[in-house]
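Heads up, the next two complexes both have chain A, just with different partners, chain B and then chain C.
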Partner chain A sequence: MMRRVKEELFFSKGKRKYLFCADSEGVEALYPLVRQAMEDKAPFDFHEIKHESDSFLDLWFSQQKMGTYLYLSGKWDFVHRLKNLAIEAGFTEYEVQIKVIGPIRKKVICCQCHGVNDVDEEMHITCMHCGISLEVSNHYSRRLEAYLGYSSIQSS
Partner chain B sequence: MVINDDLRSFPFPFGDSQVYKYSNNATPLRPPNAIELTDKYIDEIRLKRELLTNHPERCYQSSSQTLDAQWEIVDLILHNLVGYYPDQFKLEKKDEQWIFTNLQTKENIAFTFGDRTTLEVEPLDFIGRHVQEDLLLMMQRDGDLFLDAGQLCFPANWSLFFNVGMTFKEIHSPIPGFQSESLDDRILQFLMRIEAGTPWGRKNWSLMAGNKLDTSLETFAEWGQARKQVTKENAGKLVHLRVEVQKLFRLPQSNGILFTIHSHMLPLERFIQHTPWLEQFYAILHELPAFISDYKGISLYRQQVLEYLVEEMKKR
Partner chain C sequence: MYRNSTIQVRVSNIQEETSTIKRFTLQAMDDSILPSFSGGSHITTFLPHPSGTLEKHYSIFNVSGKTGLFEIAVRLAEDSSGGSRYWHQNVQVGDVLPVSYPKNYFPVSFQAKHHVFYAAGIGITPFLSMMAELAKKNKSFELHYAAKSKQQCAFYDYLQNVFPNQCHFYFSNGDSTERLSPTQLLNHRIGTHVYFCGPESMIHDFTIAAKAYGYPSFHIHFERFAPRSIKEKHAFPIKMKKRDTELEVPANSSLLEVLLQNGIKIPYSCRVGGCGTCEVKVVDGEVIHFDSFLSEEQQLSNQTMLCCVSRGKGRLVLDI
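Up next, the complex of A and B:
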């Protein structure tokens, strides 16, 4: 799930099949999990994604059967794109684990003006559109692909 | 003691209880009317329409697949209005040609039922402009409920713009403790089992510093300031008990759920005129767990309100 991107991946036992998907920088983080899948004799696919098109990936995700479990590892933009394709193809948030290599760039919606702010990992920001102070929350909208930033009355 | 109209029409939110806890406190709705008119009707309708004009993104959201369900809501609410308030609303129907008359606003609206182009705004937006309630539409699919459309002018510090499209659990995820003992899941399962013709109702309460109905998340930086101004001396006038009467209707054709919220406000000094209510309210507020008090936005001035209530109890 997106709010857990900085946590370590863990092996989710007993799934029907595993998909491991990484960019060149994310491959290494998946090796321990692949080893566990092999030890469990569980079916799996391993793909290092290079220039595959959205339509190819969509087809690949769509052909997976119910109960397939997906691991994504790589830079923020990469895992974000792959996660959206997987969700569109029918995966739920509970069937995907994500590891982000490098900086997180999440979007935060200003509660006052609805403006979008790009944020790394800071918890307090100033809205670049209306200037209000915002506290970044865990409240996430899949429609907006963004977290909600709350204003406070304490400081003003 | 004189009981004025504002007190008589105010929905008492506490039942018999002396403590507050999260629960599914819905009961079968009798009479099964989605809408209630109070003597503030004209003022609140005017305020709603102003907000919708000035802040359309904040007050109205819909996804394109909701039009059929929106027409079902128009059908349900118009028939409730003319059925329960026949001297204030009229409806003439010839096949799909409908003429709706609102005698309070002195409006006549003719439209073709089911034809979006015959209304100036979407059907849900249209009917919401004739009732004091906020109207939310949840659609059911994939074993879940999604907030797919809504007209929301009087939110208690939340954002329709941000929440539209979310599942029931996603919407409620910021509420502390709401997931404990799977309460969120049990309420979701309850909602998904609601049947057409058997609507449900519940009440929810909070305190507000100030008397604004339009306490949107978007304007919190303005209206939230009043929380800092509460004192033991002014609490009776400044602090208001806010009660949401919430109703749930299954829409039989689209299988959606209509969720109506009627928000009532009363200054504390009016509410506590009745001594048993004063004592009960003191007990509940005194025992309110800190995490609920935080979530309801009461913590900053709870102590001042409690002191005010103690003083009032001494006078009785």
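Up next, the complex of A and C:
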């Protein structure tokens, strides 16, 4: 699920219901998909999330049936919070697409010292704990909510 | 993944579960305990047969309450190729026979919030160990189990006693008003994984329905007793690149059978296209895939195939 955060959303056809969920910044990115759902005459819910509590969202997600597909769109903190609530309710990466508006903040674990580094979109970093050069991989740990950073050997 | 060694076991009890289903309890020769196994596991049994050893796979479970045993349930098939007839007519308490170590190609998902099992007839057997495992771990599950009648419903009393709140029964003779239907898949909450075991038509109907309702493949699990039926099988030639040899696969044989008959030791296990053990690399030619193991992407790549079930559309060049 995390892999796709910067890629364009696409319409996943053939689902029994769609949930569209955005903050005020993310609403627009969902319009083409809502249009597709309407054209396919598929049932959908559209929610612009403002001050809804975690317990409300958890209840909403948990009451969905299998075959429901979720789109999240908005700023990093917003989609991060909703993604975790959706997963807690039972959604898996095969039922969710995410669009991040604005900067992303991901965690990278150093393969040498296991220290955590905060990065945005750069692919090469220097570990702030042990100083080795790291290449940000796409190996994601759900448990650590972080990507693995490999030691990168740069040719001089 | 590929283990030749076997365990000798003694048949310690035979119980008639229905008029066509017998339960066999297998114990270790020295009264020690047999290897433990996870929910959904099976063993391969090796039976003497005029045409050589018969290898048959059976789900293992343990409803006896004693630890360290394997139990299997065998339905006498009308068109038995020898396996079920041998179990029913020849095997006696006290007999010793070789079996494989437990293997599991049908494990329960560790990500599911809820598990739903759909069984028809003897398809109940893998779910006995799966439900025992989930109950022990205090996980949420339910069973939907169809049989001809209450009398023909193997393990009915056991299931009613042990899992009274999770089991739903459907009898086609009219003992119950409800019939098992794929539309029940519409009722399951998000986070559900579904498991199907029964005749090919039942697995097919439920899988198709689940996909049509929007279930991701990741949430759909099934186990076949036999390879998927193929309407029309054609012979096809193969070339083995490494050996520089050509062979013909007749319409009524699988590629795996032809390779084994010609002394080419391809590792294999389930022989129904479900485990991936017999995968071979394809260099050239078009493959018609009949397995349920490779991803759609892998199948479309035309670079690999499971030789127990998949076939060539014309000539294939294999990297063996």
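The working rule: the second predicted complex is superposed on the first by the 151 of 156 C-alpha atoms of A that agree within 3 Å, B and C clash if a C-alpha of one lies under 4 Å from a C-alpha of the other, contacts with A are read in each partner's own complex, and residues count from 1 in each chain.
The rule we apply is simple: contacts are C-beta pairs under 8 Å (C-beta built on N, C-alpha and C of every residue); 3 or more make two chains touch, one makes a residue touch a chain.
Just so you know, these numbers come straight off a predicted model, no measurement behind them.
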**Asked** If chain A is used to align the two complexes, do chain B and chain C fit next to each other or clash?
**Response** clash
**Prompt:** Taking the superposition as given, does A:Ser62 touch the first partner, chain B, the second, chain C, both, or neither?
**Reply:** second
**Request:** Give one of first, second, both or neither to describe whether A:Gln112 is in contact with chain B, with chain C, with both, or with none.
**Result:** first
**Message:** Quick one: is A:Glu95 in contact with chain B, with chain C, with both, or with neither? Answer first, second, both or neither.
**Reply:** second
**Item:** Footprint overlap on chain A, comparing chain B with chain C
**Value:** none
**Message:** Which residues of chain A touch chain C once you look at their complex with the stated criterion?
**Reply:** 14-17, 61-69, 89-92, 94-95
**Fill in**
The chain C residues in contact with chain A across the complex are 111-114, 185-192, 194, 210-219
**Message:** Touching residues of chain A toward chain B in the complex: what are they?
**Reply:** 109, 111-114, 132, 137-144, 148, 150-151, 153, 156
**Asked** Where on chain B is chain A touching in the complex?
**Response** 57, 159, 161-166, 170, 173-174, 217-221, 224-225, 227-228
